[in-house]
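Can you read through this structure? Questions will come right after.
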Amino acid sequence: MTETKFVDIDFSRIETDRMRLNVGPQHPSTHGVLRLEVELDGEVVTNVIPHIGYLHRCFEKIAENMNYQQVIPYVDRMDYISSMNNELPYVMAVEKLMGIKVPEKVEYIRVIMAELNRIANHQIAIATFGLDAGAFTPFLYLFRDREYILWIFEKATGGRLLFNYFWVGGLANDVYPTFKEDVLNIVKQVRKTNKDIEELLIYNKIFIDRTANVGVLPADVAINYGCSGPMLRGSGIPFDLRKAEPYSIYDRFDFEIPVGKGEVGTVGDCWDRNIVRFREMEQSCRIIEQAIEQMPDSGDVQSAIPKKVRPPKGEIYFRCENPKGELGFYIISDGKDKPYRVKGRAPSFVNLSVLPEISRGYLFADLIVILGSIDIVLGEIDR
Amino acid sequence: METFNVFERLLGENILSAAISVLLPLVFLIIYALIAILGELKISAWIQERLGPMRTGPYGILQPLAEVIKLIQKEDIVPAGANKLLFNLAPYVIFAGSFAGFAVIPFTAAFVPAEINIGLFYIFAIGAFAVIGIVMGGWASNNKYSLLGAMRSASQMISYEIPGALVILSAAVLANSLDMQKITLLQAGGFWNWFLFGGPGSWSKIWIVPFTILLSIIYLIASLAETNRTPFDIPEGESELVAGYHTEYSGMKFAMFFFAEYSNMFIVAAILTVVFLGGWTSPFGDFMSGFWWGVFWFIFKAMFIVFVQIWLRWTLPRVRVDQLMYLGWKVLLPFALVCFMMISLYRIIY
Amino acid sequence: MIDYFKNVWTWFYTILIGMKVTLKHLFAKKVTIQYPNERYPIPPIARNRLQLDPDRCNGCLQCARICPVQCITIETLKVVPDDPEHPTMFDGTPRKIWVPRYDIDFAKCCFCGLCTTVCPTEAIKHTTDFEYSSYTRDGLIYHFSAMSPEKVEEKKRMLAEWTAKQKAAKASAEKQAANASSE
């Protein structure tokens, strides 16, 4: 046998009853390649340390060596399940820097696409959240609907997930003729499925018990950590960039900002965050319907595309309401055709930072639910 | 109708008839497990608007066979830090525990592998055996997830024995017996004689019908917890514990865990069938009753319960550990106790 | 106490509601598409594997330059003016540049579609073919050039000869000019 070693141990500092558990990077519910170092006291979580960087792709450095047009495919790959919403702030930032005014039709198509993608994103968020809580069936109902949305994207843009559709000054191509009918059908389908999900998952008592009063994020903590999106609104703060500082044409639509009210538990618990996403889907449906109604039929979507994207010297920070929160791009231009610096402010990254704060003292099973309620995408966190 | 063991009558009380009595349930178990796996695959798929397996054989009916073959030829991995003896023993302990339960299940009037007069008690006692195997496997795996799963499982199964036992006790009070054949025979003569509807007797039984229905629901819930099925699958809760106590198992040993789970499902379904749904007796009195009809009715009823278990699994989210305990101790137990008392009272009065 | 019973009742009731929903779906129409046998129609705009028409490619290198992941590798050769073939493009105009090598590495390609938009002659296009998996990484490198290696050699030789001739002509011209000026 091995030789005995005598080590001087300070026994007062040893906590023999704590267990350190590595959750991930390969784990069914870490939503990608997140690694959580969890300290457990029995089943109670005493500390969580998220370790990130398993999906780092140097987006910001690569962007410095690409011209403005080439960065867009990389922007797509940040939050790869809501690419349209990623492209929007980047494209609009460059347009603002160059002083381009895009045609009316482009704005409408952008809004419709972004809202469709917001629905698709929230469908994934709710589906995986249900999966984290153990409900498998709603997952597939929502994914079925998401597939219909992706088919529309494929028909309109050519890509299912990564579009490269919004260009500086316009769009890659016009939408196809029956686009409006297809989108309205999707809206109908989304509403129909949401009714099922409401009965099957949202108001299921087991689900409520699992998520209510769990991972409570008070409003002041949420603000201090810089949370945004459904995380912030779930805590009862009606802050939505689409209303707060309307970009694009969002000031023309009539919609509400759903906030968490603590209907079944405390304000700011996991259920509230989830219900905010769920109700946002309905609001997105409303925006889409209004946009389809107002959208001009004719118009050239490429008329404002500049011959060469070469913004003047300057810098800009432009932010949009991503499904996950406030996504902003800080771009410094030195007058060349390549950006001097591109910094992405990723909502998932900021939202994840609050995880240790809100998961201490809950059970291990709750930790998974809390992580699911944050709705992270590792592509965006690591960039 | 009298009950007997058909093999003992045909071959005499010798080793041969005993061997057949043992092997027949095993054969049945294997066939049942294949059907149940297919059922699980297909029902889950249909509920989720999928088609399920479609490639192996017509409509994918050979899929469970393919999976068994796949599991057999998989490499058997024992983790380096595992306790080899316990690790290797655990799946067989679990399986032995669940298979031993088959000894007293009355498939029909003329066949129960071992006719003992404390059948219900025996099946309950032997059912608790599985906990040992799970804790063994979870601890021996030398994996934190397995350990957590095993700990959860132990507490869960032990606490759900109690409401389950109270239900069995109530049934014993009603039937005045623990012999499964006797309980079945009492309920002969039509579905209105089932213990689900108060058992045989005069109109006065109407007083206890709500309680017996409640008891059967309590047992269904408790049995879900005992077999570690959703919504009570927290010992193997995939999203938290990867695969719980069988995280480290692969190949045939994993298949044994799987097999034991399905066999446990059938056993609790069989108990429910015998105690509340009249076992192998026909629901229509003398119509469609007899030896083979008995087999049919028993398996049909048990399979229906299995279907309900599968259906529930694909409907519900998973409960949390503390909620599981709350449900077991603060909801099921008081309800079962009240039902038990009411039924006892009824027996004293009438 | 009332809360307790209410709670238990909601447990029971919502479970029944959920079971009703799943039972409804159990008999609903299934949405699975049995992939290799049935397919959903891929729209013609879909961006899948790239395809180059070598007849159209004029070797302008714009696609290789715009590609964000540098997955296109192109080599070009000048066409000598006295080429006996008198090569032409797809529309009959004389070809200026040979493209002896045009490789696309689909392991790198990100299907952004930028190369197709910058191409002045619409030589490179996305197809709807998405089933081209390969066992090796080399199998994903597609060679689109229409020129055979012998032909490339020949053209290279021709260009070398031509440039040598040009050089010689230039040198002799300079010499003559020098002679003329010195005289």
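Letters are used for the chains, namely A, B and C, taken in the order the chains are written, and counting of residues starts over at 1 for each.
The rule we apply is simple: a contact is a pair of C-beta atoms (placed from the backbone, for glycine too) under 8 Å apart; a residue touches a chain by one contact, two chains touch by 3 or more.
Quantities reported herein were computed from a predicted structural model and do not represent experimental measurements.
Enquirer: If we look at subunit B and subunit C, which chains touch each of them?
Expert: Neighbours common to subunit B and subunit C are A.
Enquirer: Using CA atoms only, can you tell me which chain is the most central one in this structure?
Expert: The most central chain here turns out to be A.
Enquirer: Taking each chain's centre as the mean of its CA atoms, how far is subunit B from subunit C in angstrom?
Expert: 59
Enquirer: For subunit A versus subunit C, what separation do you get between their C-alpha means, in angstrom?
Expert: 31
Enquirer: Once you find the CA centre of subunit A and the CA centre of subunit B, what distance in Å lies between them?
Expert: Each chain's C-alpha centroid was found; their separation is 44 Å.
Enquirer: Note the residues in subunit A that touch 2 or more other chains, in rising order.
Expert: 137, 141, 144, 200-201, 204, 206
Enquirer: What residues in subunit B touch two or more of the other chains?
Expert: As it turns out, subunit B has residues touching two or more other chains at 47-50, 314-316.
Enquirer: Touching at least two other chains at once: which residues of subunit C meet that condition?
Expert: Residue numbers touching two or more other chains: 11, 15, 18, 21-22, 25, 31.
Enquirer: Mind pulling up the subunit B residues that touch subunit C in the complex?
Expert: Interface residues on subunit B, with respect to subunit C: 43, 45-51, 54, 311-312, 314-316, 327, 331, 335.
Enquirer: What residues of subunit C sit close enough to touch subunit A in their complex?
Expert: 7, 10-11, 13-15, 17-18, 20-22, 25, 31, 40, 42-43, 45-47, 66-68, 110-114, 117, 126
Enquirer: Under the stated contact criterion, what part of subunit A meets subunit B in this complex?
Expert: Touch list, subunit A to subunit B: 19, 21, 27-29, 43, 130-137, 140-141, 144, 200-201, 204, 206-207, 209-210, 363-366, 368.
Enquirer: So in the complex, which bits of subunit B are touching subunit A?
Expert: Checking each residue of subunit B against subunit A gives 44, 47-50, 144-145, 148, 152, 230-231, 233-234, 237-240, 242, 314-323.
Enquirer: Please name which positions on subunit A make contact with subunit C in the complex.
Expert: The contact residues of subunit A facing subunit C are 66, 69-74, 76-77, 137, 141, 144, 151, 154-159, 162, 164, 172-173, 176, 196, 199-201, 203-206.
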